[in-house]
Amino acid sequence: MLAEGIRAHRWWIVAAAVGFAVLLTAPAYLTPFQVRVGQLFLFSAGLGVAWTILGGFAGYWSFGHTAFIGLGAFVAGAFELHVPLGSPVATMVAGTALGSLACAAVSAVIAYPILRLRGIYFAIAMLGVSQVFAELTNNVDAFKGTMGINMPNAVPASMEPQTFFYYVFVAATALTLGVAFWVKVSRLGYGLVSIREDEDTARMLGVPTERYKIWAFVLSATLTGLLGIVYAHALGYITTGSVYRTDFSLNMIVYALLGGIGTIVGPVLGSALMVWLTQVVLGRLLDVHMFITGALLVAIVLLAPHGLVGFARKLLRRGAGGGA
Amino acid sequence: MSLILQTILDGLVLGGLYSLAAVGFSLIFGVMNVVNLTHGVIVLIGAYLAYAFWHGLGVDPLLAIPLVMAALFAFGYVYQRGLIQLAVDRSSLLASMLVTFGVALMLRNVLVLVFSPDFKSVTPSYAFTVFFLGPVTIDLVRLSALGASLVLLCVLAGVLRWTAVGRVIRATAQQDLAARLCGVDVRHVYGITFGVSAAFAGASGAIIGIVVPFSPPDEALWTINAFVVVTLGGVGSPSGALLGGLLLGLISTLTSQLIGPQFPNAMMFLILVVMLLLRPSGLLGNAFSGSR
Amino acid sequence: MSAGAPILRVAGVSKRFRGLLAVNDVSFAVPEGSICSLIGPNGAGKSSLFNLVTGYLPLTAGAVWFRDRRIDGQGTTAISRMGIARAFQIAKPFPELSVRDNVRIGALFGREGPRDVASVVRDALQLTGLSDHAGQQANSLTVGFLRRLELARAVATRPALLLADEPCAGLNPTETEEIMGILRQIRANGVTVLLVEHDMRAVMGISETIFVLDAGAKIAEGPPDAIARDPRVVAAYLGAPAEG
Amino acid sequence: MRRFGRRDFVKTVGATAAAAGLVAAPAVRRADAQAKTIVFGGSVPLSGRAAETGLNVNNGYLMAIKYLNEEMGGVEIGGEKYKLELKMFDDASDPARATTLIQRQIDEGVDFFLGSFGSNIVLPTAAITERAKRPMVQSGGGSDQIFTQGFKYVFGMFPRASRQFISSVEFFKAMSPRPKSISVIFTNDAFSKTNAEGAAKDSKAAGFDVLEMYGLPEQITDVSSVLASVRSKTPDVLICTTHDQNSLLISRQMVATNTNVPLLYQTLGPQLATYRETLGKFATGICVQIYWDERAPYKDKFFGTAQKFAEYYRKHVQRPIAYHTAGGAACIVTYVQAMQAAKSIKTEPVRDALAATDVDTLYGRVKFTPEGDGDAILLGPAVGQVQKGVVQLVHPAAAKTGTLIYPTPKWSEKT
């Protein structure tokens, strides 16, 4: 199954390998600003792909995935603050693992009831979940959401922080892409796609829909949490407002939609374009970048409803049709 | 005892506002299954228009309501026909939600540019009059806000029930295909529904403006409140919005009184999630075409 | 008539929707390795019965047995994994997937047990004549090919029993004959077939046993020639002698 | 009132299009390439909830720089004339955006930074400028955490949040009759909460009875239940460590529900004209923390006095002046004076000069603690009280412009 999937997608794998090779060497010749843009791109692409495992493959659009960014970040932060291990790197690794685990556990608990909702109801319920988490983090003193948490500094003295976290992001995003690819070519992936296309028929064909949806949800939530934890460390200091951000939740959807929903390359392309636009092109603007971002969103949905990938396919098809 | 009584009264008064602010959202959701994330901004535009009338021309905000409603009806109709329908046709219902989000960002930015990011406040002459009903106190502004909200909700219910337009809207909500087969211009109906929704959102904004100070970032709050009201009360009907709004108001003040003043929002969202899981079609159970 | 033991036994099954008794105390048995048909006028309860057997709807009363296992109340997924497949009357392909991926999903899931997915897919496509269309997106197929896809996907689940719900509705005689050929081939490969069909000639030509439903109740059962002569069937369903 | 007209808006959109087109061109312009210009970089929140403050701070930066360039013809440092340039971007209160874009400015050679607003933005950006050894003088991050990191290059115009109530408690002690009990309303954001905790701690230490601490969510639409509790357990002083909009909501609802306290003390709100106009006669008697007042007798090397700064501001900007505006201008003035003292525009000497700063500015006497925050007494707030629609300073005694009314009349008796 995996072997077959690798064979079928070999050119994509080659492209991804080349891409990561380029990414690994990039800090050598990029300016620190470009490295930070790279960080943000990797973070965004990772989030888009993690969201895709549930939203793109299974068709369950979550509007509240920032719940896991916040949950992971605050669990990791609280742990690292109270239980420092010998070395800062060990502490960070342990905190990251624990935070990701917390996301896995919480998502597994809420998965069954919440995945019984479909369509817009699931989307709204997830929005509600993220708001509950955010409100509790901010208003229960023990969680320190208001006063904020200083994440312990794990950057080796010999390295610039942006370069260090760039590489951590490369690793986290590579893991996310790898998991997503594995899901896509496995039985799980086909099952999820059949759920997206027609859940009742999928069940009729023997797809264990409940179990598969839960798997997709837990994988998606855990990877989102992992990326969120890395992000929190990169910031160094987090409050509720830095990690529970509704715009994170919505941006994941924007990346996927912009690139092409249901594909892995889609969110990667989508986030590359959005990060470039919002940080590089619109970065210097004082007061209209929000207007332009909104206008872009509208334009994307209207002009490229199937995303860049769909657009490219259409062009290819038209080209092929013209040639025949 | 009088504290509880006061809390309940405060909750009901607040709930009246929530109801009116949510009814338009509910209508659009019920009739065309579109989740309108622009709703909160439209509420705020209503508040800003009332502010402009009051500040510029000295028109009482409550008297300005018809003007605000007319302006926003036109806006809503054009918005639906020009943009939302396009998005639904070309993409999907879920994607249309992103369009409404994009427009919300744009409008919020426009509000900041036109009215500055500062908060605004409308204080008519009766703003600080207080009544005492036995042990409880209530102020005239909130009372008139509640009254205006109830009147407007009744008007909307009457329009939906007894007028030709209302009947067509309800018919379309239940079966748009059938309505289409009966020769109804469904797009026109959608446009009108959106217009009506925006008009009532604007009216609620005008009323909210005299009760609380407001600034552009508040839009998210009013959108989210509408979400919760609709989930509590059920979709598409003024009575559902009224029930949901009153409940939300009560939950809000009671949580604040009994659990802690910092928790009403957390409780509100918790109830949103739990309600969705237990009764996705709301307490009244008046499900609509999209509930699955 | 085949002498095989029953693969499917429906015993005293009823289904009530609010006030309406859609299926009323129906019993019948489908022998292993046969092709049987379920006929009846519109609203007789044929599709409801399929929904009950596949676990799509819960029973109000009665029991459904698959070989020696009682399967009512088991849930669609579990029932599918035992080896019961269903082809829908209104074809329900996964619209945005290719024909091959549609069939592959059938092959990946369906009945439990080891399989060689690639060869199952190849065989199912070949059997239904879809090999040349494997790369096409499902929502671009014509009605006739959609029906074949529906069958191909069901076959790819490697069922022991195939429930085919009006596979020929809306097809012309040539296409109908092709579908019947495919069904015969499926049976020849060892799959029992239970058919719901309106085209009397097709049913008469292919079935070994026919069950007749009317207003939710079974009114007759027997080989085709007996059914065609049965006065109750003629009265309830045909209203006139079998067409042609 | 409106700073941005339609025309500005169109202009900005045009500029955006142009900017989009120019990205390919080398946007990098190193500050040292133009030897005669000193560039100040940094971010301000101009969209999102903190936009109001962001705009005020940014106007302060703009006006100070405009004045120094146009009225003074630039500033003289170590015998050379320099023009000043401001390069700010909107961080939208998004830390990811703020940290990425601050790095761009560091790469582009910006040496001196100004601050954003909100500690969750200021702290991550300050960590970056600190590492690059570039000074940051900011007036928007008061959280204690900023000043306990061991940062050497970060300076704050305000005392750290937990010390911002020291002068107010002094005021309570000086009141006569001396109040006995205090309750605090705060919202759950870092600024409000730290202030509230500071207020409670310092009040208790001074022997006041702290009755209740009411925590509220960040965004509020209704405080009726809190007020009901205040009515049943009335303190002598009710402190609200809330932001402007929330403060107004609370006081409006207090009037509307006839919730009376002998003294209502709000950290923010009554200093705004909008606030006082909205409440009208009911504003009388409400006390507020005043970090800056244009009538205060502050001397400034460039502007002359605080009053003159305010006049200059009003000549160019229609938006009402706020203390954050003065704070922003003071950041620039402090920078320039430090550079003059160091006779250099290199970062290291300027940092050392900043650490040693003790100068009079339009914002008052600026002096930083060894950790970098503003001196709690020199840069701590005075106390004002609304009287006949105007804020009069009632504490400390040296700055008094009016006499405290206490206890204040009930709402129904206010005229």
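Here are some notes:
Letters A, B, C and D mark the chains as written, and numbering starts fresh at 1 in each.
Following the convention adopted for this analysis, contacts are C-beta pairs under 8 Å (C-beta built on N, C-alpha and C of every residue); 3 or more make two chains touch, one makes a residue touch a chain.
The structure displayed is predicted, hence computed values, not measured ones.
Listed here as common contacts of subunit B and subunit D: A.
With centres taken as mean CA coordinates, the chain nearest to the overall protein centre is A.
Compared with subunit C, the chain whose C-alpha mean position is the greatest distance off is D.
In whole angstrom, the spacing between the mean C-alpha positions of subunit B and subunit C is 50. In this assembly, the C-alpha centroid of subunit C lies 76 Å from the C-alpha centroid of subunit D.
Between the CA-based centres of subunit A and subunit D the separation comes to 36 Å, rounded to the whole angstrom.
Subunit A and subunit B have CA centres that are 33 Å apart. Touching two or more other chains at once are residues 4, 9, 46-47, 188, 215, 217 of subunit D. Shared interface positions of subunit C, i.e. residues touching 2 or more other chains, are not present. Within subunit B, the positions touching two or more other chains are listed as 108-109, 112-113, 260, 262-263, 265-266.
Looking at which chains touch one another, you get A-B, A-C, A-D, B-D.
Considering their complex, residues 54, 56, 75-77, 80-81, 85-86, 88, 92, 94-97, 101, 104-106, 108-111, 117-118, 153, 157 of subunit C touch subunit A.
Taken in their complex, subunit A has these residues touching subunit D: 31-33, 35-37, 39-40, 43, 135, 138-139, 145-148, 150, 160-162, 231, 234-239, 241-242, 245, 247, 278-292. Residues of subunit A touching subunit B in their complex: 61, 113-114, 116-121, 123-125, 127-129, 131-132, 135-136, 139, 246, 250, 253-254, 257, 287-288, 290-291, 293-298, 300-302, 305. Taken in their complex, subunit B has these residues touching subunit A: 33, 35, 83, 86-87, 90-99, 101-106, 108-110, 112-113, 220, 224, 227, 231, 260, 262-263, 265-266, 269-270, 272-273, 276-277, 280, 290-292.
The touching residues of subunit D, counted against subunit B in their complex, run 1-4, 8-9, 46-49, 51-52, 54-55, 188, 214-217, 219, 221-226, 228-229, 232, 244-245, 248-249, 252, 255-258, 274, 278-280, 282, 319, 411-412.
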